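One chain, subunit A, links the two complexes that follow: it is found with subunit B in the first and with subunit C in the second.
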Partner chain A sequence: MPPRQPASRPSKSRAGKRAPEPPQQYASTDDPRVMLDRQIGALFEPIPPYPTQTEREGEFYTLRDGEMFLNVGPHHPSTHGVLRLVVKLSGEQVVDVDPVLGYLHRGVEKICENSDYYHVIDQVDPLEYVSALFQEWPAVLSFEKLMDVQVPRRAEYIRVLTGELLRISSHILYVGFYALDLGGLTPILYSFIERDEIVEMLAALTGARMLFNYFRIGGVNGDLNHEFMSRLGDWMSRAAKEVESSATLLNENEIFVRRTRDVGVLDRAAALRYGVTGGNLRASGVPFDVRRAHPYSVYPELDFNIPTRDEGDSLARYLIRIDEIRESIKIIDQCLHNMPDGPVMASLPRLIRPRPGRAWAAVEGPRGMLGVYTISDGSDQPFRFRIHDPSLLNLETLPALATGHLLADTMTIIASLDPVMGGIDK
Partner chain B sequence: MTSASPRRPDVRGLINASIRFAKTFPREFWGRLSVPERVAFLLVPLAMGAAIVTVIAIFWLGGPVVDFLGANLPLVRFAVAGTAILLLTVPTAFVLIYLELKVIARMNLRVGPNRVGPWGAAMSVIHGLKVLTKEDFAPTGADITIFTLAPVVTYMASVMTLLVIPFAPGLIGQDLNVGLLYFFAMGGLTVVGLLMAGWSSFNKYSLLGGLRSAAQIISYEIPLTLSVVGVILLAGTMSMNRIVLAQSGSAFDWFVFKQPLAWIIFFIAATAEANRTPFDMTEADSEIVAGFATEYSGMRFGFFFFAEYVNVFIVSALAATLFFGGWTAPFNWPWTYNLNWFHPLEMGFGPWLAIVAFVLVVAPQILGILVMLFGRGWTYVQASVLGALFTLVAVVGLVALAGFIAFDWVQGLFWFMFKTYVFVVTFVWMRATLPRVRVDQLMGFAWKWLLPASLVNLFVTATAVVLLNR
Partner chain C sequence: MDRTLKTRLEARVGSYLRSPIYQRHDETEIRIAPADVPEVLRTLHDVVDLRFEILADLCGVDTGEVMQVVYHLWSPMTSDWLRIVADGISRDDPRAPSATFLWIGAEWLEREAYDMYGIVFEGNRDLRRIFMPPDYTSFPLRKDFLLPDDAARSPGAGVRHVERTHVSADPAEGPEAGIRRAPVS
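Then we have the complex of A and B:
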């Protein structure tokens, strides 16, 4: 840029008529468009603006011949929230994937450490926003362990009942979004019919459709009411049939089966090494379910199976969900038959100050093991509140699973892993 | 200082305003227009002027002009047909968009559009207007010329294929003797537009979409064309009109019964050719956002959108023409009726007055009285209005029925549209039902299954034609 001459500065009145300055000339190239491409390319390439920090990062951000980066997300139709992927492509084949997290980070753990024990419950609700009760459950479980509270049996049954309802609604939504990511428009709307019915009956019970804030330390907030029970009975009379008929649209669809079979195969050893839990682990042949492995609540009294499959591919992960819906319907049936009478809340002081100590509690959510580790220092706020989220560990397998497949399979795999970004980013 | 009196016009003010307008016009108005808007701003007054001059010229030089047009009748026919087809595409696209919105909504157990117009029927028109009024945006780094031309190429490729589709006996743009060849040549141009859009958008999603469309459409062009060769062999011609005539008679003369394998191949390949689910790889929204159309907005996107639906119509029309007898009736139509006894111009004043009075007064009143008798408490005015509406419907229905009975081309148009829209609804149905295939499965299917099958079909058909000497 040549130094600007004072004489050539335009007067104010003629500013509008003055021709714009000629573009900067590039000595290195004849065609200015090449340079433009390079400039804009540098702007839009997802290359970090800092020198690479680790060996893996350096390797990832080095392009070999014929490769390109594709920035998928955080606003993309099928990254389930605000997940951002930097995909390294060779043609349409995925060479490497770098998930970029943190777009939804709110520091919930720290917020919880600054709230008292009662307020933690509604702080953790939005983390698992598809099935919020499963995030409340481990929190109240760990607090109850800290305080040695005996929860009334009716409250435990209500927790299992509502939890299994939400598990069904979450799995049904999973099926719908899975199909949507594969290009099927209709299953998502059929899914929402069932989910809406479940959510409405829970709203009759808890007052909220999404973030319920229903579990309490030592019980639940409010007993079962008439509207909930009538809606539940109505729905249960047709649930099994509806679920089967919705599943038929995909189960026997040749295109769906061919797109999911042998895509993103997660073998048993890798699944255990990554710490994958939930349906994704059981689809790889490991019959691990917190409800059976580390029983909590009244699950030991209930009769249900733990479906497993050996394939470990995206189709198996889908079919496991369908099987789990059937098992959940069985559990709800038993809950309704075995529901005892009695109070739904243990009597507790208005202000909770547990003894100093530590407690770990975990439940089996729709996506895997949701755990909470609480350290109490004797005050009315948790000293440390650590949330273990299964979606994060499930999503960590994505680069290994997607590498070597096509770009379209990346979306299949994300959908089959079923991440919820609220819990991942916390 | 003198102020302008109220009687005298404020000349100085007017001049100042004019000067101010002339000064600010380039910056305030012209500078804000986009390139297409500038072109339109120049062309629209020119076109209006030309139209006025033409009308005056026709009145002034009527005789010579008529002679000139009569001497160049094929040229005139071509111009008229081209204009008519270009004008036909827009309402067709509107109807198809509304149909898809409504049918998919029903299949999804939704209501669909129901706010604009009766049953939401004006929804697609409103969509079109919305697209027209949107900002004409081009991303930084895009190659503006190609970026602007791409939708035009795609749209024109779609429109020009309509020229050889026989809608009814006599209702065909140009009855080319190489009609089918022309159809595939023009249809193949679509991919050029998509590739241009994908390349010029300066977006990797667009690029992937453009390359996918190139791979897909070129791959499926081959089985599509080969599957049709059997039909050409049977009909002995490539003229679309004569292919239709070769299937006249009953439904069992349709080529779908003589070429069932070709029909299956054709249908699959045509779905891919029209970029419809399950082969809508080029705009797979869950993978590559919107494919080649990612960076498009405003009317440039509108052209792509219209072209897609026009393509659906064209592919359905081609399926109906080649395999389902085009405009011929599915059974031998015995009830032709002659309207020769009806001479509206020589009827005289009395019968005309009777007809007009009956349609305008008597029939609405009779129907209105019926409405008042059997309806749920309508007032007289409401009943009259309803009666008039019923009469209108009845008259339109009667006229259509009379036309259907009396004129070949009305019958032909009815059957053609009926068959075409059956396929259109089938495409919509597939979109509501099926997920999308993967790009490698798509290509493998074309080259490993469809191409050999179409070759086998061609071989068998050719052998049969030679052996049976037909």
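Then we have the complex of A and C:
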């Protein structure tokens, strides 16, 4: 905080004319307004007000000649939520980045450890709020493993069907926000048309637009209904065409391609060392997709490809998403053709008490591998409920990727990594 | 369940195992001492017939008596997830070696485990709080950290809505009585 000006400043105005009022000063430092001012100042001060604790932190917060700090966020629109970045700049070039997390931390793991198994499912929904079903999925999978529940095949197909719909919706939104972060307003308008269709049909099925609370331990909450099926049929008849036409907005756009090609290159070895998963890993040439690498549900019966690219730059990460939308449309088509009849829920007791044990389950979400590790102690609440979110590890590459680029490219890289802060901060 | 993985693991890291290899569904679990973590992870990562190249997860666990660090790994050579439990870390002074020499991405996962459990990962060069503010002093996911509205576990403070199962609310049993403990297994 700069020191405030003294209250009694000598007036330089001519005699006879009233001097302008000096800026109003607070009476004393005990004034709550002063204290509030200081607190707000300290909140956005890039240099920590405490002694640095670690080697890396000490290194980062030491400025060399010509360097400066710039605070981005926590409410900057390009940071996709409440992410704060302390960027170390030399001129306009990024020297290093220190992401500051935790603005959205709600302690969901602790809450889940104090909830019934049934209640856990709606507690985890708001984590990945863009694609909430993918956060419910590993949770119910791990509980089903703990209890040896056999899920009816129709329920598995419905899970895959709704999951792939949501993957498309998430990827479409990704494309729109990506372009928006680069300054292009048009694609997001088209994205929201498509996304609204999907959201509305899922709302007809589950009763909620974003936080579905639809998967249950042993099945799903409710069978497919007429409104969902008719909306889905309408949409599927033109989905492929719509996707191709929205893709041409950016694929051939020279400004977009030149701002993303060779920006934030993540090579194969680094991607594995960082633990990156999902489209970001496949854009670096590793064909790791949990749906194929460690199949769950009915994915072994379905025919689809795992698109990969070798460039590892921001453009490749975008193109992978477009390819995945095409594959998801294929999967939905197969689900609709192969959907078996039968029940959608296994019969389970009202109070679940799995035997003591441990279970890990992972699924492939739109951003990468979502995992849940559950320890049961035989009671009706999980003893340990660990949520693994891919966005955390994807975002961790940001300091390495942004270094050496211009500040504006940092926004490109964040958008291309597609973090969701709800999942990162838990 | 991959039976051949069990024999391969016994051949390669058998001398480090603290208990028999446990297999259930599509998971294989080994238990090792925290000091052996670097050698075991290095072997699992490098040896040609194991090749556990993807770190799926790293997390801390408080069993109420000891701390654990749990790693989940994926390899193209097997159809199982591999779980490595570094068991028997003291609750009073929890320390474990860092996995950042192999997976730099473990840095933030270890920061999270430190933030939530206070486990100090030796070798991690950025071990500070990640979600909680830097001047925060508690470790919220430890079992002796009770939620303020957690009537079930505050001694004598209320009745749970479902059923009491695993917690004694009797103050005569001492403050430790409220801590939930993991089953012996």
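What we mean here is this: the second predicted complex is superposed on the first by the 381 of 426 C-alpha atoms of A that agree within 3 Å, B and C clash if a C-alpha of one lies under 4 Å from a C-alpha of the other, contacts with A are read in each partner's own complex, and residues count from 1 in each chain.
FYI, a residue touches a chain if its C-beta (ideal position, glycine included) is under 8 Å from a C-beta of that chain, and two chains touch if they have at least 3 such contacts.
What you see is a predicted model, and the numbers here were worked out from it, not measured in a lab.
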Three-chain arrangement built on subunit A, subunit B and subunit C clash or fit: fit
Which of subunit B and subunit C A:396 touches, first, second, both or neither: second
Partner chain in contact with A:384 - subunit B first, subunit C second, else both or neither: second
Included angle at subunit A between vectors to subunit C and subunit B, based on C-alpha centres and rounded to the nearest 10 degrees: 160
Of subunit B and subunit C, the chain that contacts the larger number of subunit A residues: C
Touching partner for A:293 - first (subunit B), second (subunit C), both, neither: second
Partner chain(s) touched by A:409 [first = subunit B, second = subunit C, both, neither]: first
Nearest Cα pair across subunit B and subunit C, whole Å: 25
Subunit B contact footprint on subunit A (complex, rising order): 16, 36-37, 40, 68, 70-71, 76-78, 92, 179-186, 189-190, 193, 249-250, 253, 255-256, 258-259, 406-409, 411
In the complex with subunit A, residue positions of subunit C that touch it: 24-27, 29, 53-57, 59, 61-62, 70, 72, 74, 76, 79, 81, 83, 102-109, 112, 116, 125-135, 140-141, 145, 147, 150, 152, 162-163, 165-166, 180-183, 185
Contact footprint of subunit A on subunit B as seen in their complex: 27, 104, 107-110, 140-141, 202, 204-205, 208, 212, 277-278, 280, 284-289, 431-441
Subunit A to subunit C touching residues, read off their complex: 48, 50, 53-57, 101-102, 105, 107, 109-110, 113-114, 116, 145, 272-277, 288, 293-294, 351, 353, 356-360, 362, 369, 371, 373, 375, 377-380, 383-384, 386, 388, 392-393, 396-397, 425-426
